[in-house]
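Each of the two complexes below includes subunit A, the first together with subunit B, the second together with subunit C.
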Partner chain A sequence: MNTKPKRLRTFYLSLFFVILYIPVLSVILYSFNQSPSTAQWTGFTLDWYKELFNDRVIAEVFKISIVVAFLTSILSAILGTAAAIVALHVTKGMEKKINTVMILPLLIPEVALGVSLLLFFSALKLPFGYLTLVLSHSLFCVPYVYIMVQLRLKEIDISIIEAAKDLGAGTGQIIKTIILPLVMPSILTASLLAIAISLDDVVISTYMAGPTSTTLPVHIFSMMRVGVTPKINALCTLILVGTFFIVGLSQLISKTRKQKEEF
Partner chain B sequence: MFNLKKIKQNAPAVPIFVWTGLLVGIPLIYVVVLSFLSRDNLGNVVFEFTLENYKRIFDPVYLKVFYNSFLLAALTGLITLFIGYPVAYFTANLEPKRRSLAMGLIILPFWISSLLRIYGWIILLGNKGLINNLLLKFNIIKEPLIMMYNFGTTLVGTAYMLIPFMIIALFNSVDKLDRSLLEASYDLGASKWKTFFNITLPLTMPGIAGGFILVFIPSLGLFFISDLLGGGKNVFLGNLINAQVTKGRNKPLAAAFSVGMIVLVLIVLYIYNRITKDKKEGLFL
Partner chain C sequence: MQEPLLQLKKLNKYYGSSHILKDITFDINYGEFLTLLGPSGCGKTTLLRCIAGLEAIDSGDILLNGASIKDLAPNKRNINTVFQNYALFPHLNVYDNVAYGPRVKKSMSEKELKTRVADFLELVQMSGYEKRMPHQLSGGQRQRIAIARALINEPDILLLDEPLGALDLKLRKYMQTELAHLQKKAKTTFVYVTHDQEEALNMSDRIVVINKGEIQQLGNPREIYNNPKNLFVADFIGDRNIKKVKVLEKNNNYFRIKLGSSIIDIKCSDYAGGGCNPGETAILAIHMDKMKISCTEIPNSFSGEVMSVHYAGSQIRSEVNVDGEIVTVIEYQNNNSDYNIGDKVYISWEESGAVLLPLEDYVEGSNV
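Moving on to the complex of A and B:
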């Protein structure tokens, strides 16, 4: 390629990434602004972060969100992995059906899914709160675990499993000693993704939250509807730092996995 | 004839169908049933068959809501396609190191809170926002521009939120492209544009269709974007369903609108399947 199209390419991509990240960076920037309005920059401060740490409501909903995210990630890791292993075992036709069924929750717009769950759970008289939150979050986290674990399972050399079978290993033993150790890094990465997805969900949580158990995004959403305050900026910035910590962790896991494979 | 061996092999799949059946199948059936029921003055559901809820969809006021939502979703698909195609195409042609950096930057927004990303646009576009401040400071404008709370702002927010999906779908398609076909086309004297429209574009069609689906479906239901950026001036299906359930307490009507939304998705999925029927690489189904 000659230089002119190359320059156009660099220009277009740079412009795109600048626009992609400017809204995020401006949220971070204004979390340090002394003035409560974005109209002017009056100086650097950490006051909004201090105010955040004194907010009892935020501390409470944060705790709920974290618990929900962890339970969701554990439940989706178990169900998603189990489904991926089952898909490996069944006939080709059945595998295709499982693929469709697993991806189904992602094909329905979130509002429709949320409303249908709300109406259904209230008909069953289930108490809204942790139970409904974890169940509904798992519903759309399981597909991600399933896809990621399935991709890894397909990489496994089938002859290893055949060899184990020939040597007399049972299904349970094969899963425990061969399959699970090999897919563990994918399960961990997928669980971290599930935590991030659960911590970010607004739409379904709006319907699934109980009277005393709102999640953090639902609370932030109601704060944002009232108006712009740097406190929201500070809160969003902290969440960003938290998720990037999770991303870093998952990168580390996949890196060590690659290093291990080189040996 | 029952094949006992096959049944035994497929038996472990049963719990998967039970899980999805319980949390997706039965709730959806319940919603369909509910959409044909009426309600009393207190908002309680009454077991009395009616088509009233569906008749109301064809009320011009509500028809407009369907039109708004369809327009928003379709325009979001088109905008993300036009902006995203060059991004995917250029990224696929980058040298390996820069390519993984670019891919990282495209995927990273998935990890950033969606509320934060929308809130960023309020900070940028608000009457006292960053863009207005800069324009006022450099005397380009005298009065702050009013950029918030209209259809356009909602469109910008929705496209911004969903463009990574489009780019990834396009990237996978562009990346698989057989370069020798392009070279052959050039060798035979075709111009750059001709090669693009006759070879690159048709071959990346599955990626375009897949990306469109990945963007179209979620954009129907992201009510928080139109709430925060659209200011409730334009009502979309997501907002309407949300309002009927949380404030209006008209569950049967909300159910009927949900069914309408799902039918809209099914129509789009059907078209998608028709387009990608003869090509092997469909995204799903």
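Moving on to the complex of A and C:
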């Protein structure tokens, strides 16, 4: 009776995924193409990867991106979690205000945000480089951590916190022994997300990068001006694999947490 | 006389404009099992949370061992709570859950703690479960761990907030006995909150009946069951027939009353009958299971016609029409119960099963 709609649904869903992922797959495919042109397939090769790994500039830029991403994820994990815990302890009205302020960086257009950060950091006479990159990336990574940790905090049964208080724990002890362990999976997932977002950012990084500290996406962008080489395809493939790895890891974290807590 | 362990003095609590607790005043004695009994929303849990310190009180005072604790944070009061849903820490195993209190208070070394946790797990019969996580335990087991976790702090008072509510009937009955035993064994004062009258009557040394934020009656289970002070308690505790009757004569504890066309004499305990004067309408409340149906005429009884007879296991539940008033009688099966629908029967009852109460708080239709 309902096989027909079911088939239709499967077809629609397949079509959806094909359209969504064919461009992504084509990058992977062309990264193994012998011909430097995308017009024809002349055979399988790993030459572009070899060339990529021998590229000193890309290696350097990649290192910068990774360092910035890790520092960003650590900084935003700390700030976002702290803000979420504070929001738990204030009145409902105050919490709403904090929510708005926390999420605002996501709504401000990146171009405008970039310009204002540029002006701000210039006025402070901060050297453009690692510091400005990490600070500006954290600005739009903190909201993600905040939202994810706050969602998890709301799931925690208030009586667990009352029980800790009842058993003699002070506020600091409650945060250390109850709240942080319970939200840790969310903090980890959010940190991974922050890494992915930081690695991916182009607009803000273009403003913030110093003369010796360009990030990978910015570098790819400048490479593109000269023309698309299969080396870029290889690089993008590696980035894709890295991203899938991060997403997979965060899924795994939230899955094990759910299993642990099913009552 | 020994000073009471905990004294509540004119406690008042508001949520916004609603008055949750009204002038709550009573004492809790050393080592007793005291139950706060009332329907949901009556304020009993709020009262418990005020004692624990999880809610602030608006006026009045709470004295523990003679000293005021009303401004102390919950972690500074020597009182522990077993929460309704047990509130075990889901990320800690049984051992770490039980060890939590002493650890945050840094009151003993890990070595000392080990023997102590073992002692308390033994007390609640959960030895050997140290490494289990809360989600691997059944409801009854979780509750025992919650009790051990609270008792290990040697509180002056253990507060229990409907701890049996989530358990199935059989386990609940078993845990009732268990809890009462445990209380005697641990020699700790228990303050227990429930809406289940049977639980309260079963376990408590004393019961405080609460309704709409006010204490209705305080007494031991026998007093509460047999001598309700007002209609609320009479209606809430046990299954009673509650009927409006006309008082014809009054002589100390003896009353002559009229229900329909039956005129009978009854004896009531003194304080319950206060205010029921001749000529007034009063409330007669009789335990259904203390009544008896007879086919032959007996003096001083209601007469009526059998409307229905239900067999429920060992009990027979019959409804008798006494001049338009339906009286329900619960009897245990015996040879005399050979009446059928339509028969004319006579209803009598044990003296202790009946009370006569003033009309004042009777609301038509709500007391059935």
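Descriptive notes on the structure:
Here is the rule we go by: the second predicted complex is superposed on the first by the 250 of 263 C-alpha atoms of A that agree within 3 Å, B and C clash if a C-alpha of one lies under 4 Å from a C-alpha of the other, contacts with A are read in each partner's own complex, and residues count from 1 in each chain.
We adopt the following convention: a contact is a pair of C-beta atoms (placed from the backbone, for glycine too) under 8 Å apart; a residue touches a chain by one contact, two chains touch by 3 or more.
Every value quoted in this text rests on a predicted model; they were computed, and no experiment measured them.
Legend: residue contacts after superposition of the two complexes on their common chain; A:Q40 is shown touching subunit B, with no touch to subunit C. With both structures placed on the common chain, the touch criterion links A:T243 to subunit B but leaves subunit C unconnected. For subunit A, the partner that touches more of its residues is B, with subunit B and subunit C as the two candidates. By the document's definition of touching, of the two partners only subunit C reaches A:T177; subunit B does not. By the document's definition of touching, of the two partners only subunit C reaches A:I160; subunit B does not. Look at A:V27: by the touch rule set out above, it reaches subunit B but stays clear of subunit C.
When both complexes are aligned on chain A by C-alpha atoms, no subunit A residue touches subunit B in the first and subunit C in the second.
By the touch rule above, subunit A contacts subunit B in their complex via residues 1, 9, 12-13, 16-17, 20-27, 30, 37-40, 79, 82-83, 86-87, 89-91, 94, 97-105, 107-113, 115-120, 123, 135-136, 139, 142, 196, 199-200, 202-203, 206-207, 217, 220-221, 224-225, 228, 232-233, 236, 239-240, 243-244, 246-247. By the touch criterion stated above, subunit A contacts subunit C in their complex at residues 157, 159-160, 162-170, 173, 177-178, 181-182, 260-263. Subunit C contributes residues 52-54, 73-75, 79-81, 83-85, 87-91, 100-101, 104-105, 133-135, 149-150, 153 to its touches with subunit A in the complex. By the touch rule above, subunit B contacts subunit A in their complex via residues 6, 9-10, 12-13, 15-17, 19-20, 23-24, 26-28, 30-31, 34, 83, 86-87, 90-91, 93-94, 102, 105, 108-109, 111-124, 126, 128-130, 133, 160, 163, 217-218, 220-224, 227-228, 237-238, 241-242, 245-246, 251, 254-255, 258, 261-262, 265, 269, 284-285.
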